[in-house]
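Going by the order they are written in, the chains are A, B, C and D; count residues from 1 in each one.
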Amino acid sequence: MAAYLIRRLIQSALILLGVSVITFLLLYILPADPVRQIAGRSATPEVVENIRRQLGLDQPVWVQYGNYLWGLLHGDMGRSYLQRSEVASLIAARLPATLQLMLGAIIAELVIGLTLGVVAALNRGKPLDTSLMVASFAAVSAPQFVVALLLLYVFAVKLGWFPIGGYGTFSHLVLPSITMGIMGAGWYSRMMRSSMLDVLRADYIRTARAKGLGRMRVILRHALPNAILPVIAMIGMDIGIFMGGVVVVESVFGWPGIGQLAWQAIQRVDIPIIMGVTITSAVAIVLGNLLADLITPFIDPRIKLR
Amino acid sequence: MTDTTPPDHAAPLAAPTERGAFARMLRRPLAVLGLALIVLIVGAAIAAPWLVSYPPDQQNFDGLTLEGAPMPPGGQWLMGTDLLGRDLFSRLLYGARTSLIIGIVANGIAVGLGTVVGLTAGWMRGWIGTVLMRFTDLMMAFPALLLAICLAAIFRPSLWIVALVIAMVNWVQTARVVYTETTALTERDFIAAERTLGASGARILWHHLLPHLWPTIIVWATLGISTTVLLEATLSYLGVGVQPPTPSWGNIIFENQTYFQSAPWLVFIPGAAILLLALAFNLVGDALREVLDPTQRGRR
Amino acid sequence: QETLDPNAKAGGDIIITYKDDVATLDPAIGYDWQNWSMIKSIFDGLMDYEPGTTTLRPGLAESYEMSEDGLTYTFKLRPGVKFHNGREMTAEDVKYSLDRVTNPETQSPGAGFFGSIAGYDAAAAGEAEGLSGVSVIDPQTVEIKLSRPDATFLHLMALNFASVVPKEAVDEYGADFGKNPVGTGAYSLGEWTIGQRVVLTKNPDYWRDGLPYLDSITFEIGQEPVVALLRLQNGEVDVPGDGIPPAKFQEVMSDPDQAARVVEGGQLHTGYITMNVGTPPFDKVEVRRAVNMALNKDRIVQMINNRAVPATQPLPPSMPGYTEGYEGIAYDVEGAKKLMADAGYADGVDTELYVMNTDPNPRIAQAIQQDLSQIGINAEIRALAQANVIEAGGNGSAPMIWSGGMAWIADFPDPSNFYGPILGCDGAGDGGWNWSKYCNEDLDAAATEADSMAAEDQAEARLQAWSDIYMKVMEDAPWAPVFNEQRFTMKSARMGGDDALYVDPVSIPVNYDYVYVSE
Amino acid sequence: MTDPVLSVRDLTVAVDTQAGPKPLVSDLSFALHRGETLCIAGESGSGKSITSLAVMGLLPTGVNVASGAITLDGQELTKLPERRMRDIRGARIAMIFQEPMTSLNPVLTIGTQLAEAIRTHDPKADAKKQALDALRAVRLSQPERRMGQYPHELSGGMRQRVMIAMALALKPDVLIADEPTTALDVTVQREVLDLLRDLQRDTGTAIILITHDMGVVAEMADRVIVMQSGRMVETAPVAQIFDTPAQPYTRALLAAVPRMGDGGGAAPITADPIAQLQDVQVSYDIHGGLLGRTTHRVHAVEHVSFDILAGETFSLVGESGCGKSTIARAITGLVPHEGQITVAGHSVPHDGLSAGPGLRRDVQMVFQDPAAALNPRKKVGELVAEPLVIHRIGTASERRAHVRDLFNRVGLSADQIDRYPHEFSGGQRQRICIARALALQPKLIIADESVSALDVSVQARVLELLAELKAEFGISYLFISHDMAVVENISDRIAVMYLGQIVEMGTRAQIFGNPQHPYTRRLIESVPVPDPAFIRAPSPRMATEVPSPVWAVGSGPARVVLTDAGGGHLVAEAAATDDAAVS
């Protein structure tokens, strides 16, 4: 177990190194000059060169990368070109919100997705199953922005159950989590239905029924833990998918996560922030996958980590 | 000794041949519905020039109100107009061309690639498996949008680039899921049995592992249609893909989503189109799976 | 002294929303839509504007004098002005601030504005400690020497970049001064939670007596404009900083109750198309004029819900120096076709139109594209992120660019602001902001000439000179001006103060120092 | 006599097919009284399992009760709603399923699975204590520890006992046991049967015991039902069935029962060896500890050497988990091994992966678990034709003809070719696997428990087929079995394994006529005798821990030294086998 963990952590570090190298190179070849953005419209070429020198952007790319990596290893992600603040502090300020949202979204998608998947599997072939299929596809096909605004409009503006955006309390978290979880829920419900159908045919389900267990107990205690395995493997990946979609949800709900930071940085080629966010999210994704792999043995004792 | 063969087996359950799979599928009404939808959508995309009254990028003078608002569906405009006074019906049909290529070709390639990588890694194990899976992890942790922006800035944007990006990015999840399932499957006795028969790796992969992965592949491939069609819009927005005024279902939604209250048809009609396409493929996929997977029909 | 609004009541807190983050509140660096007006309220410069107008007035300077030759300005500072940290502001601070903004280490995007101050070149190159032209006469007096007469100089002293900052605070916070700003302004920074809110609180010791009225202003950050409007309608927000989103414009305007709370005003803005004069087909003036003639500006304006007026020339109507009565290049498709044929493009030509990818710019680009296709110009649209468009414009690889979303709201209300970096030879080099790469030495000379007419009595002549310059520009047609955007600000019912404060040309969206709430 | 607890009247169970319902069980009637043991015997696929599932109300989807009644204490069950049926399941009727390996939920501990059954029917019960009692009752060693273990950590025999404990914990009125001992070696089978008898004596439970082993029937049954093709052909008290069978099928069945001592002394074969194993070792690593290093190894096979001669049937017997299947896997190149294995001139590669096509053609294996060894998504016809396709033998139509022929030979009908594995009974699947192994006419067939699930008549027929092929083509067999009677009947030579090592090896006459090793003797004594009149001498019940083949790295079991007791009869020195170590 510990050896497995150590090996995986080393591999993870290599993956992160790879991500950072590729990202750095991509940003390097990206045709947009950050110095121009810093220097402003009326700057003379000398001023521009002066700033380029100060930032070390006149050096060969590997030297730049080396410097960056060296800083990174010392916890220094550099300073934003445009905001001039430390990237690490910008990310640190926003990370808790992002993590909260992701956790909320994961819970939302698991609760919604798994329930619907199980219900669909139990009603296989019936009209309810078909309706749920359409619903899952609708959830996956729905543009997030529209979902977000619809939820906001109905539950916050019209019904007043939740605040119209903002951050801080649990009730702030509900709508953004659901919005973000809806797509995953559609996805999970399909996965869950299909693995549930497999599990329901297993001999041990018959054994459980032969014991006279109630329907709910058979489903929740016997079928679910077995059926959930393929879904667990997906949760790790979700973090990556969330990273792509988080900006929409954040901006509709005024959620202070790193998605908006990243989006603005991408629009304006604020390289240190892009690097910082990329590495942070890569860490989250890698850890998420690792976590998913570590959890599985607890659900399925047959799985041994090697 | 008497003949101990149970006589009741003389009545064959059904004697379908593999070639009959398609025919058997056609006996399912839902599958036929799905197929019909696909044919309809593809047909409409191909026949678009003959079906529409306005070119897709023509900004009609009478397509906007005096205040510059789009026209709702009905009358002259079958599905209404967009914010530039263009005929939405026309844009939808032409947009299908883009979206079908993304949703079917690019997504298909992604799922195919993911399946191949996952299968190979799961089957080979060893260092090849490790390298493949860690590469998959790397791709997963890698910011796809950034790659897209770089490609956008370097290459001339086109449908093919966006298709390429989607194919490059979207295989990852499929690969991981297929890998997990493959490793479990290769432990099963019937695979060992195949090996003792002398089956080649290719034969085992193709004939014995792949059929078990069908359900997963179908789920991923059909759900992927929706997500990739929407992803295309994001990527095009960042400059990688089709550029305005070329329509695609995704970018029609994307351009107009803030207007979904004042001009709901601009969002919900293309949204419904995406949903229908994905559902149609799902219906066919489900039917195909049930035809191919006899165990779905109940077991002792 | 200040004349206070008789209706105004002191006290109250308001909420303003923005979608994008506030980058920094360092006046030497901040150059965004969001932070520009916040910095204005936290800091002061030597000069200032009458609220709601473009009329200059003294700010931290009590009075100023210009020498005969227009090369020396002497500012007398207002006594008893205190920084938020309690220390009194002196002439040393003024010099320090100007030295700081022009010091290359500061990496200020506004440094270039101060090019006319003597010693700028040495300072910008990092060869000198500070600007030799700025000297402290006594604690209350600053003298600034110019290397050439500059009629815009007083405007420059009203720019955020010229705000006076206390050295000790800058030294204390270093690069994080932008997160811990200390100025002399009407508000000081109360709270800043990154990504969530910035709170400005009233400066009780503000040197304009009785101001500001409000106790605090909370800027809520990171909220989608559509949602911000919902919250406004719900009574949670007082001013949506990003304005009324296009998608909601009609809804708001068709409801009389809401429409009554919308304030409309001019803006120092022009939306234009640049045509790269170095790249075929735009190396031919006929083609550039043809483009100007092909544009159906009325329709484009209609498409953005009439939130603009068609433009005839580079300068917006509310800018001094605007040529009244000039019709611009008239809409004439036939004439444009003829010009195209004259230029040898009777069979049409392919080109590219770059555009920033935020709504409504791609839409506008498509309207332009359709108009151009009428005269045989097939412009392929390339909608990209801001930075990529700026890069393509700067390195000259973009044949045409639609300026929307990136430029050009004037930094200060003076005609020269529309020339230098975006039409003059200085900006035409590699990486410059003159995306047409248009360089007319004669006009550059005329511009320098006009800007040296710094004396009061030359003002009229100077404006005429600028008017002539822009007319000449229109003849060469490196741009196709399309429209001048109007501002539509919306406010909650309780917001009080003159309408002009809500469309203040220099403080967007609101002049915080003078508005109040009636509750 | 009292009223029956359970009575089944005119039961017809049918499966939905595209051609309409097709009966699997027809007009079956029987009654079961308290304290009685009813054995259902009969041919494989005759509907025994389906009948018991019908009683439980757990028929697979698509299979339904078409007509008839099932009555429990006067209560009609077939019409009972699922909710009411639940109260009856477990509490009043309990069932032990045919497949013990897959019938326990892999993700729940034994304790949980036991306790929940108890709690469901009696929420106030001290479920933990009762569960422990149940585990003690089935004489599972270290019951406290077992409670916290997961099914995969137990051997097959242990799992079967857990299943029995679960069924008995609630003291049901009726217990249905579907082939409860098929997966077990005779010594464990003995224990399980004793256990059932004890429990019945203590609680008065009525038992329906489904089995094809006539020895078990003779020992256990009060009354017997013989089924064929979904119908009951005969029912009578056990003595009557064995003494005066009325129906020809019953007679045929009894005639086919292999009996100990029938073998006689066949002439010893002298030929070249087809397979040679020299000092073969196989171990499975167990990772553990802080650093995840290999801390322990399962020494599944230790220093095993033997030859199989051409045209010989070589049998491997031994208790469950002693490494028989592992040897089979090593010979077919499925697991990495040490030592030297040569088969038909091909040396088996050590890595357990890269065996070439030559070896594949010459050796075929029939896997122990036929359900697992058949790809569930392929038609059985395709599966049987698979080796022909792989080795490119014949045209498509020739292959089809060949497959039909094989089906006929193993007692399946040709029209079953296009069905899928799950549509067959356990015994039918086993025959499909045999047919597939025969397709290539290899030089060596490894048959791992290949006739265990077959009823005696089919079993006899299959064994006959194997013998025919042996005579015809000189095929050799490595025959792995628990069934000592079968082994005695067909083997030329026999090896007895214990804890991964061979403890005794010799000709049939030597092993059965003169068993030397105590374990061999115990095996032979445990065999059920197919004669209801036979009174077994009371033997001590064993409740000992199954000795473990798991050893810490660096240590290992002591090597057994075989000495020749004359005529090639190799026997371990007794002392070496006593120290079964658990580490």
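Quick note on the criterion: contacts are C-beta pairs under 8 Å (C-beta built on N, C-alpha and C of every residue); 3 or more make two chains touch, one makes a residue touch a chain.
By chain, UniProt protein names: A, B = ABC transporter permease; D = ABC transporter ATP-binding protein.
Keep in mind it's a predicted model, so treat the numbers as computed, not measured.
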| item | value |
| --- | --- |
| Most centrally placed chain - per-chain CA mean versus overall CA mean | A |
| Centroid distance [mean C-alpha coordinates] between subunit C and subunit B, Å | 47 |
| Distance between chain centroids, defined by C-alpha means - subunit A, subunit C (Å) | 38 |
| Whole-Å separation of chain centres (CA-atom averages), subunit C against subunit D | 87 |
| Contacts with 2+ other chains: residues of subunit C | 226, 385, 388, 391 |
| Residues of subunit B whose C-beta touches two or more other chains | 149, 153, 258, 261, 295, 298-299 |
| Pairs of chains found to touch, sorted by chain label | A-B, A-C, A-D, B-C, B-D |
| Footprint of subunit A on subunit C - complex, ascending | 17, 19-21, 23-24, 26, 29, 31, 104-105, 107-113, 115, 124-126, 175-176, 178-179, 193-196, 220-224, 226-227, 230-231, 234, 236, 385-388, 390-392, 394-395, 407, 420-422, 426-427, 429-431, 433 |
| Residue ranges of subunit A in contact with subunit C within the complex | 31-34, 36-48, 50-51, 54, 79-80, 82-86, 89-90, 93-94, 97, 149, 152-153, 157, 164-167, 250-257, 260-261, 264, 266-269 |
| Touch list for subunit A against partner subunit B, complex | 11-12, 14-16, 18-19, 22-23, 26-27, 29-32, 133-134, 136-138, 140-143, 145-146, 149, 153, 183, 186-187, 190-191, 194, 197, 201, 230, 233-234, 237, 240-241, 243-244, 266, 274, 278, 281-282, 285-286, 289 |
| Complex interface listing, subunit A residues touching subunit D | 1-4, 202-204, 206-215, 217, 221-222, 225-226, 299-302, 304-306 |
| Contact footprint of subunit A on subunit B as seen in their complex | 134, 137-138, 140-147, 149-150, 153-154, 172-173, 176-177, 180-181, 215-216, 219, 222-223, 226-227, 229-230, 234, 253-254, 257-258, 260-261, 267, 271, 274-275, 278-279, 282, 295-296, 298-299 |
